[in-house]
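Okay, so subunit A shows up in both of these, paired with subunit B first and subunit C after.
Now for the complex of A and B:
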């Protein structure tokens, strides 16, 4: 009797979380796959077409361009954000006056929303009167088009991503650095290890788990970049910043090709899944 | 080693650590854009359209703020965002505590599988669920209301998992003493367990507030009527429509940024600890 009532209570406690997490997580995931096998505009009844959406998408030049932009963004952003994060963390890992203030200020952009960042940097990189062109003029560099130049817009997005994203890497690296026992570093120094050798053989191995975590985390984030693109360029100029999630959003909610959009989303999700499962396995084998 | 170079070094020594010479410029890179946001929000459009811009304006103007409050729906959007964030934070605290407690302390059939599936949903990317979630919200007649923004985030697997981990690390004896004294399960949870869970509660509250307040993608899909925009969605749309009124855009931007900045500075330690602990352990 007691047992039964405990199970009943437990289910009552778990029910709201179940309903929302499964109902708006698992159910949409399956539904989305079904959608990807259909032609659907979200209003009229859908029509079954099997895997045709996937076939068309593999040959769609717009989708291929979106994949290309996403890969360029990710390939630039991830190594840079981690390298900069590590460099800054090493720089900030010392006991001097005002160090807390420096750490806080480096991290602050991380809490600023992608929308606010996008609006702010659209203003700073405004091609006619923006602050960025004023600074360039000061160095006698001719004014740049920035977001209006299709050869610059994507790289500018990487730069903004770095400005706001590096703070997260810094705090994670700092936490890991502070976990390294000081005796270990001192012992290495006593044994005659120089700065570089100490870093290479004592500090770096200790940082490896968090580096892998950051690598995966930042890659997943970069492959799914959307908000910043929506606010700054809406995929332009000349589709030069159309990334995959923006393509999915456009297809689903602007062009009303929901089935096609779902197929594109599944292609990306498949990559993300393989990536996160692959890393988990690789990590398990290590430990 | 003679004393000579030593003395020279001492004489040329800076009154502060030389690291500041590196740290100050590096930090400025992160701070200057935000300072420029603050300064330009108090400029007039005439001042903004000047090139090169005056870094320190000769006079302060509040025309941007006036425009944003009178001619746009910013106060309304601010209220909407506050309602949504409050509802989502409270929802995550209540439902997260309930589910986390059940998973940590109670035995029921299928609990392990259920927990595993819930955690599995953490890796489902948003772009996969967004279209069906839109359709479900439409069926529930919630599309274009704040409800559509609130409901999908009302409880997240992150909150459930975090509370479960926290409760697993609490000693059982205190709760057992409460039962023996005749307290019901819910009563024990409310008056014994929850007060001990302060750190976990603040972690969930702070991180949930940040992600909810800052979200753009889902409100963009779920809301059409501009009276129901959240602040981020309103700001993005407003900027798209008022490309010539930068002073108003910057004023609106500052209004959107200040609440998270205040929340962050007030709870900085909790903030950074919760971020890093989920990173380093996860």
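Now for the complex of A and C:
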């Protein structure tokens, strides 16, 4: 009897949280899956079409292009942000004057909203009057098109993403670096290990768990990039920066294809799910 | 269209973008679940009884203050109709998203500010009221509205709301740039050939001066500038059958060739950033000679102390032609009592005495011809350079068709125009691709 009431009390505590998760997480997911099986503009009564949206999307060159852009962005962004984060963290992991200030400065861009970054960088990379071309001119390099050049825009987005994303990696790596016991490093030094050997055999193994975490986290973030694109290029020039989430937005809210957009969103969600599960299995096997 | 709301400012834009970003990041589903939960269906809907109507006007600053004043005024004269006017929690730019979610949640206002290019899609909802029975009444003076304004609220022969704002495109030019280049200022009745010739004389790469500018983000502000050109050349946006585009011919080709010439000779500054603010900054800073724009931009020119003039759009034929981009007060059906209340309020709001306040204080143009002829408006015309040119152009401005496939037609066309502005590909190729994609969209509906 007592047990039962204990469980009841427990459920009473957990219930509000469950409700929120169900209401704001699970239900919308189910709802948008149903939406993805319909022709719907969210305005008129929907029409049930089964998996036809998915069929069409598999042949849609625009969606394929969006997937391509997203993959290029992710493939460049993730390794670079982790490498840069690790490098900066190693530099910042020492006791020198004003180190607190340096660490703060590295983290500041992460706090700046993607919107503000977008506006800031679209001014810097303005093709005629921007700062970047002024600097290039000073080095006698011909002016670049930047956001008006469909071969450069996507790479610029990676660059801007790096500027803001690296701060987070630095903080995580720094925390991990400071968790490494001094004795281990000292012991390695006594055994005659140089700087590289210490890093390779003492520091790096200790950093592996957080590296995997960052790898997963940043990949998920990169695959869902949207705000930066929305503010700087709106998918342009000439659809060279349409990423998957932007494609979803465009379909749902500009072209009134909500069902089709939901299907595209589900394709992305499925990839993210497979990725997360894959990493989980890989890690379980490791330990 | 972002540029058409009364006062575009970076903070508002920033807010909007962040909001949208957030919405997409959290997934459409949760967005839909989160919106439209406010339930204010407490109004009784008996005929002539007290009724409460809700209005989402999406306005801010000066425009919001003007509406608030008019609402207070209305309230004192009509105590039985209580008007709850608010922005709706969004700016006009994102009203479409808000209203879409509100409709699908089944809890929507009585009146909302909907862009002219969106009303056809919104009006597909059975929850949008049919005002046809109301507007035929003589006291409504429906024919007093400018044709462009009337057409904008009429979808498939049914009136779905009231005109809210009307504007059009003319060319603003920077007098200092003209003087510096020693080029005579343009005059009404000029041609596109003259426009290009003028742009050529004004352009000076050494000094970083552009002849003209054009939004190049492929959005509505980029596309609508193209339509007066094809209309003038005998083309149309969609042909009579409604199943095919009407510019897949010499009209579209010639118009694209004109834009291509501007792009290829680098006479135009293509503004690829959403919102086209840079384009106007360049104009204000004396690095651009001419820009096609609407009356919404004039307060900014005045603020920046730009020495400017305004002339009608150039044409090919010498005829007067321009496009109007009207916005609407779309009315939603929450029972006949509330629809009636909404109509009574909108009638008051758009009456000449209020219309003139709205037009002068919120920086737009008169919706009614009687307003344009009023002494108050004529006096106001004196206060802002060039406003008279826009006001006069209302007489011949045409609008985009109110068809629901419009957004899917506009998108590929936008890409074709951007290609020309950035000097990629040929006008022939761009036209073929755009027409093909737009025709596909029209055919599938």
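Keep in mind that, in the parts below, the second predicted complex is superposed on the first by the 267 of 287 C-alpha atoms of A that agree within 3 Å, B and C clash if a C-alpha of one lies under 4 Å from a C-alpha of the other, contacts with A are read in each partner's own complex, and residues count from 1 in each chain.
By our rule, a contact is a pair of C-beta atoms (placed from the backbone, for glycine too) under 8 Å apart; a residue touches a chain by one contact, two chains touch by 3 or more.
What you see is a predicted model, and the numbers here were worked out from it, not measured in a lab.
Of the two partner chains placed around the shared chain by superposition, subunit C is the only one that A:43 touches, whereas subunit B remains out of contact.
After overlaying the two complexes on the shared chain, residue contacts for A:17 are found with subunit B alone; subunit C is out of touch. In the superposition on chain A, contact is made by A:213 with subunit B only, not with subunit C. Among subunit B and subunit C, the chain that touches a larger number of residues in subunit A is B. When the two structures are aligned on the shared chain, A:233 is found in touch with subunit C, with no touch to subunit B. Contact with neither subunit B nor subunit C is seen for A:51 once the two complexes are overlaid on the shared chain. When the two structures are aligned on the shared chain, A:31 is found in touch with subunit B and with subunit C. Once the two complexes are laid over each other on the shared chain, residue contacts for A:204 go to neither subunit B nor subunit C.
Judged by the touch definition given at the top, the superposed model places A:254 against subunit C, while subunit B stays out of reach. Looking at the shared chain after the overlay, A:245 reaches both subunit B and subunit C.
Once the two complexes are overlaid on chain A, the subunit A residues touched by subunit B in the first and by subunit C in the second are 23-25, 27-29, 31-32, 35, 42, 113-116, 118-119, 122-123, 126, 128-129, 224, 226-227, 230-231, 245, 248-249, 252-253, 258, 261-262, 265.
Listing the residues of subunit A that touch subunit C in their complex gives 23-25, 27-29, 31-32, 35, 41-44, 113-116, 118-119, 122-123, 126, 128-129, 147-148, 150, 224, 226-227, 230-239, 245-246, 248-249, 252-256, 258, 261-262, 265.
By the touch criterion stated above, subunit C contacts subunit A in their complex at residues 10, 14, 17-18, 20-22, 24-25, 27-30, 32-34, 96-97, 100-101, 103-104, 121-122, 124-126, 208, 216-219, 269-270, 272-274, 278, 282, 287, 404, 407-408, 411, 415, 418-419, 422, 424. Residues of subunit B touching subunit A in their complex: 16-17, 19-20, 22-23, 26-27, 29-31, 33-34, 36-37, 40, 48-53, 95-96, 98-99, 101-103, 106-109, 111, 114, 117-118, 121, 123-136, 151-152, 154-157, 160, 185-186, 210, 213-217, 220-221, 232-233, 235-236, 239, 246, 249-250, 253, 256-257, 260-261, 263-265, 268, 271-272, 275-276, 279-280, 282.
Interface residues of subunit A facing subunit B in the complex, by the touch rule stated above, are 6-7, 9-11, 13-14, 16-18, 20-29, 31-32, 35, 42, 88, 91-92, 94, 96-98, 102, 104-109, 111-116, 118-124, 126, 128-129, 131, 133-134, 137-138, 163, 167-168, 171-172, 174-176, 179, 209-210, 213-214, 217, 224, 226-227, 230-231, 244-245, 248-249, 252-253, 258, 261-262, 265-266, 268-269, 272-273, 276.
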